[in-house]
Amino acid sequence: MQSDTTSATPALELSRVVKSFGAVVALRSGSLRLHDGSIHALIGENGAGKSTLVKIIAGLYRRDGGEFRLRGEEVDFHSTAQSKANGIAVIYQEPTLFPDLSVVENIFMGRQPTGRLGRIDRAAMRAEATEIFDRLGVSIDPDRPTDGLSIADQQIIEIAKAISLDASVLVMDEPTAALSGVEVDRLFSVARSLRDEGRALVFISHRFDEVFDLCDTVTVMRDGAHVDTMPIAETTVDDMVRMMVGRDVTEMFPKLPAEIGEEVLAVDGLTQPGVFHDVSFTVHAGEIVGLAGLVGAGRSEVARAVFGVDPYREGTVHVGGAPLPKGRPRAAMARGLALVPEDRRRQGLVLDLPVTRNITLAVRDRLARFGLIWGSRENESARVWASRLEVKTAALDTESGTLSGGNQQKVVLGKWLATDPKVLIVDEPTRGIDVGTKAEVHRLLSQLAQQGIAILMISSELPEVLGMADRVLVMREGRLTGEFKREQATPEAVMLAATADEEPAR
Amino acid sequence: SGGDDAGSDGGDAGGGGSEEAASITFLPKSLGNPYFDTSNAGGADAVEELGGTFEEVGPSEASPTSQVSFIETAAQQGVDALVVSANDPEAICDALNEARDVGVAVVTFDSDTNPECRDLFVNQATAEGIAQAQVDLITEQIDDSGQIAILSASANATNQNAWIELMEAELDANHPDVELVEVAYGDDDDQTSFDKTAALLQTYPELEGIVSPTTVGIAAAARYLSTSEYQGEVALTGLGTPNQMREYVEDGTVEAFALWNPADLGYLSAYAANALATGEISGEAGDTFEAGELGSYEVDEEGTVLLGDPFVFDADNIGDFDF
Amino acid sequence: MTTTATTPTHPVLAGLGRLIRARETGIAIAIVAVVTLATVLNPSFLFSNDGFRDLLLTPSLLMVVAIGQAIVIITRNVDLSVGSVVGLTAYLTGTLFVQVPGLPIVVVFVAGIALGAVLGLINGALVAFAKVPALVITLGTMYIYRGINVAWTGSDRINASDMPAAFRGLGTDTVLGLPVLTLLAVVVLVYAAWHLRNLRSGRELYAIGSDPAAAQLYGLRVTRRILAAFVVSGSAAGLAGVLYAARYGTVSSNAGFGWELEAIGAAVIGGVAIFGGVGTVWGAALGAFLLLTINRALPIIGVDDFWQRAVVGVLIIGAIVLDRIAAQRQHRRLVAQREETR
Amino acid sequence: MTATTEAAAPRTYAAHAQPLWRRVLVTREASIIGLLLAVIAVAMATVPNFDSPLTVTYLLRETAPILLIALPMTLIIITAEIDLSVASVLGLASVVTGLGVQAGWPLPVAMVVAVLVGATAGAINGALVTVVGLPSLAVTIGTLALFRGIAVGLLGTTAISDFPETWTDLARTNIPGTPVPVVIIAFAVLALGFAVLLHFTPFGRSLYAIGLNKEAAAFSGIDVGRSKFWLFVMSGTVAGFAGVYFTLLYNNARGDNAIGMELQIIAAVLLGGVSIFGGRGALHGVIAGVLLIGTLGSALRLAGVTSDIINVLTGLLLVLSVVSASALSWVHQRRVAALGRRRGRSPGTSS
């Protein structure tokens, strides 16, 4: 698979790179050595410093120390334009598109082909974009604005952008986090063909199956430092996990038995035209109900409609036997509903507020005495939840935006657990979270169920759903297409319900 | 800006100082208006003759409420006299009265406030005289028949409104064939007046003449007319300064217009203010005072001092004036 | 799944469709309607020499300012200082003629535009380098520039007679029946529109306004572009200042007072989104045209002078409500397009 | 088996990264208050007549409308919106008061109606922003023209100035025994109310969250639309009240009252440390900001400085205040980066 190039000059080499943000040391000693014609996996826990390393390569951050060589030459990028000019393309963890501009313009912005007088050659630009889309096997209207595209389509455009750059080094920071199986496959075949053209690729993912499927070499990071680099063929999942966390873990925390009580949440005939249709289900106290399906099946929308942030046209929601008014999150919260949304940076957290204020945001009414609220009470309440969930932060008044993904997720969980919910809806609770934290989240959910909380867990990861849920619901294209007891829920059965006529993903 | 050595050190004791000299502050409707420039220059001359201290302050746009803070500052500084041209008869009243309470003599000039808010009003010409002069000028130029319009300053200018009212009465009474079609307001702003002139001409294709009883308005209207197809067709008159109008009188856009000498107005106002501040007069009807080279003046009813009759400028005499 | 139908339409048809749906078309129609109505009520509104000339002349200055303003707004910034820049450059123009008799007119134009550019550069530098919000900075410089203007002018003013007749003639002269000032404004407009549409630097302004953070990640030269946008806006205001002196002849310290809100209003009416990334200078220029033409037509239509501002307010609100509806419809359409292809 | 249990030592979480004195003293608000005190001290020492009680009276009387409207404006800007129409609402309320009195209503009735008109105007802004979902900057530029146009249209050329003297005197009198105008009582009550609302209630907390991330706020059960709507209503109401006060103070109802004041108010609020992007700011800073601009103007006028220079200084202050904040954070970042580099050279000395 991989031509032996270890002796040749690496395409790109970072050694003992240091980067800190204020008191936070994001990278203590980051090292990475890339070779042409290779796909290199970069793995590590949340906050291990992967994205920071990527951003240094991209020229977005400047390193505080260490070495950075490109084809043997020492470089120090001041801007992303410089790294681009040197043939480095980066797909960032979050898609970064201009919503008002067309797909084509997004791909070529800043380096459009020009003709006489510097006039942009729109026809050439369009032709090249069409060609790239053909190669990727997708058909996206190149003239439409990117506003309104699904996350998967946005990711495809990011990839098209990188390809059009004709870069010799391509870095992809968790490109698959929002993609479905089919899309992942397509992306992988493109990545392989790029490798075969002799380019160097970096692939970051928390999914080990993908890493094994695609990559030839893997670098593991922990706590901002390089741990080890080895050929993928010479390692196992267990080895990698041990290196990542520095101890043995299993990805899945075993579900604890819980006593299933009376029905707490009852959703009946919920319909929002074009989004979801006739969705009915119940969740009992102490029960974890998994909601499976492909990305884009409309599960998040159902959750949001139940909680009241989104509207729905028909149907009813009952909590504890009494009907819940539509579109009123406050009323839902008052009745003991909590929603941990899927996009924690946009929906879950106010990134610029300190951890404290985020944790108490949903319980601010409850913390008030005679309508007045005091900072000391908030701090007290936040401290309780931060330590219970072991949020890794130096002080509670640090801005939550500076925490790593996993710790941010813990803050969101803490925020909703603080409301002492009867029904907890968690949407992709472990998306983009490392194995260690993932197991912690699972343990937490299990414990909560034991305490009698009704849990609805939306997840795109089948093992998680099958491992955690007492009952599994499956959605496809806005409809409930299957319901399985824990014992009946086999991967095959669930996948079939989720895809029906489509080929099963993953 | 205008105020030269503004070292208003004196005047902690408001009113009668040991010497005859007084500190006098001029507050025009707004700064940046050549009419007030001229009148304030006259005031400054007078204050210099008197050996007092002159200061000129004012807002950059002509609004009544913005004058108030300058009145208050004058009161705080304890100046001996304040000479004001009011943007509104009522809005600055209370502030003026407060200033008088702390011993500032208040003289209004050019545009009056309510009589109870000031000690003296120096009137450039009687309203009747001004209205009469303008009606005479315009009716003569349009052969006493046809449509005319008025281009005034701001809708609230006391003096403008008084004149317009009298002009309307005079037109009704003695000029039945002349129709006043509209009173437009240029806000004493050059650009607005210019655009309003254009609008008037377009709205009333039959228009024969425009009267603009404000120096800003007449200059803007003349400038528009001079470059338009209406030059020489539509008559224009009103109140203007010779320097601004010279060009248009010479090129035939304007036949004749009227004004008093603003420098004299400022000069007289300064003397009146000084007389009040030094206790020479109290503002009662019948008081008399000397106003330097202008001679002797008497206060008449309602505490008014009259400068004289308006003067008509035309191609024959405009060369004799420079202000 | 990741597909979106490409409805194959003939490019010419598609272009035509876009033209018909375009915001600019709507405004142009509104202008025609207003002019028609006013002309029916009073034929001299259009069919007299002065009428036609003024119809084109009056909006020209605001058009130039609105073009600059639109460019700044497209980058998700705003320039509140344009009115003050107009005032300063107009006064500079007059002063130059007074101080240096016989100065060629071209030099005065260059000087006015250069002063505007410098003032814009100050705004741009503060916004781009100090990374502070444009609204705050230009609110500050609006006061500063106006204050400097008043301090400089004092109670002085430039009178028409201070400027050479040839220069003032520019304010009213026509070429082939079209006023010179309007032609100048149109040249500026056509160039700006071409540049924004066809050059990289123009497109990057849209990208920056659409998502500043993404623009940074892209490695676009955000700082330089924003700086340039402010310089352009300043220069446009500077040009408008020179034209102001030519058109109005008299320049006092409050020339251009309040133009900032009119220019923003014109851009908003013209479909330039206040949060950047969307809109054209055509729209802004037409917006300015509509705004001032309505002002002039109202008295003829029989609406009292005093209600003018209210009508302008209704116009602005109507325009943004319309934008909103159109945007929502488009968003729904795009999402539906995606749904369809699942 | 259990995932992360290595006898998890009880962690303590410091609530604050910085010591108390730093958090209190090294703030934007503190520096504005400090600057205000410095200006007052310098003016006392150098400007003749500045130390007279009249200064206080005049200053507070004239800045009262700005002080009043700055209160709701602060809350609005904290939610990342803006209300440019306040001065027009003030003018409209002034006209309504005048027309009411002219129509023979008792003044208190006219006043109440004027305040209600203000509230309605605010509700219109609020509805356009929250129900229709338009950007407030554009909406209120529109209503700035609309409300002013209605005010000027209603009253036309005239000004109304026959208000009962008992009321106009009330607007001008001081609290007995002090140089402080009575309107400051109304302001103090409102300021206290707004300060409590913003800084010590759950509603206030939600405003900051809305300003920083309205989607996350909505997901936290905050009714973003309703909160903003009521803020605009408050702003309209207070502007209406300020309009009544303005009318009585100058005994003058006119369509163009307080024209252009919106920018003065916003300048003061921003000077007081409120971020135009929302989510940051405090009321004490804003009040200090308004007073700073007012005091500076008053002292300079007394010292014979002309209004244009005062404008220049106001603008400079505003620009410098934001630029200095950004410069400070730049310096801070540089220091931190330097620290990081030093750490980088001697590895192994981290957390």
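Should a chain be cited, it is by its letter among A, B, C and D, assigned in written order, with residues numbered from 1 in that chain.
The rule is simple: a contact is a pair of C-beta atoms (placed from the backbone, for glycine too) under 8 Å apart; a residue touches a chain by one contact, two chains touch by 3 or more.
Molecules present, by chain and UniProt name: A = Sugar ABC transporter ATP-binding protein; C = Autoinducer 2 import system permease protein LsrC; D = Autoinducer 2 import system permease protein LsrD.
This is a predicted model, so every value here is computed, not measured.
Chains that touch both chain B and chain C are the following: D. Across the two candidate interfaces, A-D and B-D, the one carrying more C-beta contacts is A-D. Taking the mean of the C-alpha atoms as each chain's centre, chain B and chain D sit 39 Å apart. Rounded to a whole number, the gap between the C-alpha centres of chain A and chain C is 43 angstrom.
Per-chain CA centroids place chain C at a distance of 30 Å from chain D.
With touch defined as above, residues shared between interfaces to two or more other chains in chain C number as follows: 146, 150-151, 253. In chain D, the residues that touch at least two other chains are 156, 306-308. Contacts between chains, counted with the stated touch criterion, involve the pairs A-C, A-D, B-C, B-D, C-D.
Interface residues of chain D, counted against chain C in their complex, comprise 84, 128, 132-135, 137-139, 141-150, 152-153, 156, 255, 260, 263, 266-267, 270, 275-277, 306-319, 322-323, 325-327. Residues 1, 3, 6-9, 31, 55, 57-60, 63-65, 68-70, 72-73, 75-78, 88-94, 98, 102, 155-156, 161, 183, 185 of chain B are the ones that touch chain D when the two sit in their complex. Across the interface of their complex, chain D is touched by residues 16, 18-23, 25, 28-29, 63-66, 224, 247, 249-250, 253-254, 309, 329-330, 332-333, 339, 341, 346-353, 356-357, 360-362, 364-365, 367-368, 371-374, 379, 383, 386-387, 390-391, 393-398, 415, 436, 439-440, 443 of chain A. Across the interface of their complex, chain A is touched by residues 1-7, 198-200, 203-204, 206-207, 209-211, 213-221, 273, 277-278, 331, 334-339, 342 of chain C. Only residues 1-2, 31-34, 36-37, 40, 56, 60-61, 184-185, 189-191, 194-195, 198-199, 201-203, 205, 219-220, 223, 227-230, 243-244, 246-247 of chain B touch chain C when the two sit together in their complex.
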